[in-house]
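Each of the two complexes below includes subunit A, the first together with subunit B, the second together with subunit C.
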Partner chain A sequence: MRHFKPAHLIGMYPLGMMCLFFLGPLAFMIVVSFYERDPLGFYNVAFVWDNYAKFFSSFYYTISMRSIWSSALGAVLVVLLAFPAMFIITDMVRRWQLFWIILLLSLMCLSEVILGFAWLILLSESSGIPKFLGWVGLWDDPRSLSPSFAAMLIGFITLGFSLVALMFYPQMAQRDRSIEEAARTLGTSPARVFIKVVLPNYRTAIIGAVVTMFVYFLGVFVMPTMLGRPQDWNMTVIITDKAVGDANMPLGAALSVIMLLFTLVIIGALMFGTRKERQS
Partner chain B sequence: MSYSIKHIALAAGIAVGTSGAAFAQEITVSAWGGFFEETLKDVIYPGFTEETGISVRSIAQPADQAWLTQLTNAARANTAPADLSLVADEVLIRGQAIGLWATLDGDNIPNTETLVDGFAKADDEGNLYAVGALSWYTTFVTNTDSSPDAPTTWADLWTRDWDGKLGLTSNANSGLMEATALTFFGGYEIMETREGLEQVIAKIAELKPQVQLWYRDEGQFQQSLESGELAGGLYYHDVTMLSAMDGLPVVSTFPTEGGILGDAYWIVPRDSEMVAEAELFINYMSRPDVQAEMARNLGIAPVAQRDTMDLSDEEFDSVGTSGNVIRTQTEIHLRESDWLPDAYLEMISQ
Partner chain C sequence: MNTVLKRGFIWLIAAGLILPFLIVAGVSINANSNISFPPTELSLRWYTILFTESDWLIPIRNSLMIAVVAAFLSVSIALAANYVLWRLKSGFGKFVFALGIGPFMLPPIIIAMGASVFWAEIGMYGRVEATIISHGVFFVTLPLVIISRGFAALSDDVVEASRTMGATPWQTFKKVIFPLVLPYAITGYALVAIISVNEYLISYMVSGFAVETLPIRIFNNVRYGYTPVVASAAMAFALFTIGVLLVLSMITDLLKLLGGSRD
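On to the complex of A and B.
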C-alpha cells in the first residue's frame, strides 16, 4: 500500500474546502429537489419528480429562456463596452492609467443595491435624466425610464463593467505593441488593425469574459427586481420567490438544479467550440 | 392599576425561578422592520420594561413568508430567533399547522378579555397559541398632485385613466383579488373554484396597461408615490396617513366596498425559553391604553374593544373605518398555494 506523502495532504486541502463549501451544499440541494412539498409546512422527505415536472408544465420554462437571453445580451454588451475602453486606457500615460484603474476598483466596492438605487433615481420622472431632458426641451412629456428591460440592462452593465475591464487589464497592459505597429507601418488603418490584429489575439480572453459575465448575470437578483418589469424578472428572482417567499424549498431547489444544468451545458458548448476551432 | 398585583406576583415568581439571571432578564421581540419596528422600540416597549424590569431586545423581521421560512429552519435546529414575533394570519395558520408555536397559559394573559372577539386563538383542545396584536388596512392610495380627486370605489382602478402610473403589489395575497371579486363578481364566492379565480385574475390583467410598477419592495412604492412618480395604487393606510401628516401629497381612501383588513398576532416560537416573560409581554401589549398608544403612534387599527380605549372619535376614525371591510380569504390562498401564486405571477409577467 502506498503511503500518503505531505504533498498529498496539502492536495487534500482544496478538495476539503470544495466539499465543505460547494459540493456539500450542492448535494443537499439536489436531495431536497426530490422532496415533496407540504403546502402548510415546509417539505416531507420523499422521492418525487413533481418539482422537475413543474418546470416543463408551466411558465418557468419561458422565464428560464428569458433569463438566459437577458444574461447573454448583458454579457455581450458589457464586453463590447469594456474591451475598447480598456484598450484605450492601457495606451494612456501611466498616471492616467492609474487614475482609471483606481476608479474602476472603487466602482467594484459599491453594492448592487446602491448602484440600483442610483439608477432608479437617475431614470425616474421626478428627478433625473427624463426630468432634465424635459427641462432642456428635448422631451415634451418626460416619463420614467424604469422599470424597463433597458433599465435592467443598464444596471447589468454597471455591475459588470469594472469587473470585465479589470479582467482584461493585465494582458493588455503587457501586450506586444510591435505587432500593431508593424501592421500600421504596412499601411493598415487603425480600425482594421483593431479588428484584424488586436481582436483575434484576445479571442480566448473575450470568450472567457463573456462566459463569466453570463454566469454572473444569471444569478443577479437586485437589478431585475429594482429596475426590471415583471416580464424581465429572471430565474433567480423566481427561485427566491418559491424557496423563501412561498417556503417551497423542493421546487426552489429543483429550479436551481435545472438552471445549473443549463449553465453547464452552455459553458461546455462554448468551451468545446473554441477548442475545436483552435485545433482545426 | 388592577393588574399590577398579579404582574408583580408573576414577575417575582419568574425572578425566583431563574434566580441567577434575575437581573439580566431580556426578551427578544421581532416585528416588521423599518419605521414600524423602530417606533415600537422607542415608544411602546420602554413602558413594558419600566413596569416589569424585563428589557426588550427589538429585532426587525423580514416579510411574512421569508420570516416563516426562517422560523421553520430555526425550529428544525431547536432554536428560536426571537422569543416573540408579530405574524400575519397566513403565517399564523401555517406555523400552527406544523407546530411552530408554543402553547400559552391564558391565565397569565387576562387582558385578552378586553380584546375584540376572535383575537385569542386557541386550537381544538382549547390551548391558547396566539393573541391579536393589531390590525391594519390596505387601501386605495393616491398622490394628490397627480390625481386630485380621491377615488370612491375600487372600480376606479379600472375606469379612470391613470396615465400608466399605477403601482400594485406583485403578491397574489395582497387583497386585490378579494377587492376585485367583491367589486365585479358580487362577493368572494367566485374565489371558491379555480375557474372563478382565473376570472378574477383575468379582470386584474385588464389593469396591466395602467400599471407602471408591480412592487415587491414596499419602500420603492412608497417613495415613488410620494414623489409623484406613481399616481396611485394599493398600499398600507397607516403608513400613508403618517406620510400625509408629514406634509407629503398623499391620501389614503377607503373605497365604498371597504378597505382590506389584515390582522397580526403575537406568537411565541416553540423553542423559546422565555414563555412566561413572553406572556407578561403579550398581556401588556393587549392592554387598552397600550393599544390606544399604538394606534396614535403607528396609525394601526387597535384590536382592543372600542369602549375600553380612550381614543377620541377622530383618532379612531383616522386609523380605521366604521364602514365595509374586505377580508383576505386566507384559507383559499393556502388551499391553492401550489397554483394561485404561479397563475398570478404568470399574468403579471406576460
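On to the complex of A and C.
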C-alpha cells in the first residue's frame, strides 16, 4: 500500500465500471454459452458443448465464410475510397475541411437504421436511382436494386466511410508536406508521388483501418437485414435471430464467443505485425 | 492526382454521402401516403404526426433520456480514466485506458449479446437503466480518445505553477485541469449523446420492445410496412445530429479537437 495514491482511488471508478459492465457481460456470455436451452424460458444451468458443436454444421460454416467475405470486401472498398478522399480533403482550405468534418461526423453519428432506410428509398423502384434511370431513358424496365449483395455493400461503405476517414484525419492533416513537394519539384508526377511517397507512409494506418472495418462489419446487423437478401445475411443476423427470435440464448452466446475469439486472434495478429514492423 | 480527377472523385463521394438525405427529406415532405420521390404535393403532415402521436413521442422521449444520462456516464468514466493515466503514467493507468478502448475493438453484436445475457441474468432485462449503463460504458472509447488529446495538451508548467502556489490536487484539478480539458469533454459528451440516440443493436438486445427507442421504432416500421412518418423521424434526427455538430463547431475548434492540428 506504500505506493497507493489518490489517483488509484479515482481509477477504481473507471476500472470498476469497465470490469462490471464490459468484461462482466462478456464473462456471462461465455458462461451462458455452455448452458442448455430451455424451450419454456431462456436457459437451464448446465455444462454442454452442444452449442459449440452446432457451429461446425454446414449451415453455420457457410454463414461464417459469407460473413468473412462480405466484411473483408466491404473493409477493403471503404478504405480504398476513404483514403484518397481524406488525402484531398486535408489539402482543402479550413472552411471546406470543416464542412467535410461536420458531414463525416454527422454520418458517423447517424443511426444505421436511418442510413439503411435512406438507401432503401434511393435504390427502390418508385423513388430512387432506378426511377431516375428509367426517366432519362437509360433503363427500359427499371426495377428495385435492393435487396441485393451490392446494396448491402453500399450500406456497409456508407456506414464505415466516416469512421475510416476520421481515423486517417489527424495523421493526414498534420503530415509533413515538404517531402511530397520535394518529390514534385524533382519532376515526379502527382500520381507517382501518391503511390511511391504517400502510400508507404500510411501502410500501418491502412492495414489498421482495414482490420478495424473488417471487425466492425462482422458485427453489423441492420444493413444486411434491410438491404441484403436472406442469402447475404451475416453471422450477426443469425446470432440475433437465434438469441432473440428463437429465445435460444445459449446458442447465440456460443456463436458470439466464437466471433469474439476470431476477433481477438485478428487483433492479436495486427498488434504482433505492427510491433514487428516497428522493430525492423 | 490531376485536379479535375480529384474534384470529380470528391464530388462523387459527396454525392454518395449527401444524396440519401436529400431523398429522405423529399419523402418526408411529400403529402402522398406512399413512399415516393420526387414529392408530388408538399406537406408537413408526417412531421405533425411524429411530434403529436404517442406512438412516436414515447420512443423519442426514451431515446433522448437515455442519451443525456448515458453520455454523462461515459464522459465521467473517460475523464477519470484519462486523469489517472495522466497523473500516474503507470501500468495501472494504461490498463484502465486500454479497457476503455476495448468496446470499440469488438464487433457490436458481441457487446450487444454480452449485455443482453448479463442484464437478463441479474434481472434487469428490459429496464431503461440497463440501456443507459450499456450505452454509457460501450461508447466510452470516443470521449476517452478525445479527452486524452486535452490531457496531452496540458502543459506541466501550468500544473506545477498551481501546485507551487499551494493549491491542493483537487483545487488544481478544478481550477486548472478541468477548464482546459472541458472543450474536449463537451465534444465527447455531444458525440456519445448523438450516437446513443441513433444506436439500434444494443438497445434492441438489452431491452427488446420494453424500452422502445426511436431507431427501434423506425426499424420495425421499415420492416413491417412503413409510412412516410419514418422518413420524417429519420430526417428530424438527422437534423438534430447535424444541428448539435454545428453548434459544437461554433463553440469549439472542431478540427483541432479531432486532431487536425497540433495542440
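The rule is short, and it goes like this: the second predicted complex is superposed on the first by the 253 of 280 C-alpha atoms of A that agree within 3 Å, B and C clash if a C-alpha of one lies under 4 Å from a C-alpha of the other, contacts with A are read in each partner's own complex, and residues count from 1 in each chain.
Just so it is clear, a residue touches a chain if its C-beta (ideal position, glycine included) is under 8 Å from a C-beta of that chain, and two chains touch if they have at least 3 such contacts.
No experiment lies behind these values; they were computed from the predicted model shown.
> Which holds for A:Val244: it touches subunit B only (first), subunit C only (second), both, or neither?
Both subunit B and subunit C are touched by A:Val244.
> Comparing subunit B against subunit C, which has contacts with more of the residues in subunit A?
The larger set of subunit A residues in touch belongs to C.
> Touch test for A:Thr225: subunit B only (first), subunit C only (second), both, or neither?
both
> Once chain A of both complexes is superposed, is A:Val210 in touch with subunit B (first), subunit C (second), both, or neither?
neither
> Of the two partner chains, subunit B (first) and subunit C (second), which one does A:Trp233 touch, if any: first, second, both, or neither?
first
> Per the contact definition in the header, classify A:Leu153: touching subunit B only (first), subunit C only (second), both, or neither.
After superposing on A, A:Leu153 lies clear of both subunit B and subunit C.
> Examine A:Arg94 and indicate which partner it touches, taking first as subunit B and second as subunit C; both and neither are also allowed.
After superposing on A, A:Arg94 lies in contact with subunit C but is clear of subunit B.
> With the two structures laid over each other on chain A, which partner does A:Ser127 touch: subunit B (first), subunit C (second), both, or neither?
Touch partners of A:Ser127: subunit B and subunit C.
> Touch check for A:Gly11: first (subunit B), second (subunit C), both, or neither?
Second partner only, subunit C.
> I'd like to know which partner A:Ile114 touches here: subunit B for first, subunit C for second, both or neither.
In the superposed model, A:Ile114 contacts subunit C only, not subunit B.
> Kindly list the residues of subunit A that each of subunit B and subunit C touches, one partner per complex.
Touching subunit B in the first complex and subunit C in the second, residues 42, 120, 124, 126-127, 225-226, 243-244, 249 of subunit A appear in both lists.
> How about subunit C: which of its residues touch subunit A in the complex?
The touching residues are 1-2, 6, 9-10, 13-14, 16-21, 23-24, 26-27, 34-38, 73, 76-78, 80-81, 83-84, 87-88, 92-93, 95-96, 99-100, 102-103, 105-121, 133-134, 137-138, 140, 169, 191, 194-195, 197-201, 204-205, 208, 214-215, 218-219, 222-223, 230-231, 234, 237-238, 241-242, 245-246, 249, 254-255, 258-262.
> Where on subunit B does subunit A make contact in their complex?
It is residues 63, 65-66, 68-69, 72, 93-94, 97-98, 164, 170, 212-214, 216-217, 220, 224, 227-229, 334-335, 337-338, 341-342, 345-346, 348-350 of subunit B that touch subunit A.
> Any idea which subunit A residues touch subunit C in the complex?
Per the stated touch rule, the residues are 5-8, 10-11, 13-15, 17-19, 21-26, 28-29, 32, 42, 81, 84-85, 88-90, 94, 97-98, 101-103, 105-122, 124, 126-128, 131, 158, 161-162, 166, 169-170, 173-174, 190-191, 194, 212, 215-216, 218-222, 225-226, 235-236, 239-240, 243-244, 249, 252-253, 256, 259-260, 263, 267.
> Which part of subunit A faces subunit B closely enough to touch in the complex?
Residue positions touching the partner: 37-42, 58-59, 63, 120, 124-127, 143-144, 147, 225-226, 229-231, 233, 238, 241, 243-249.
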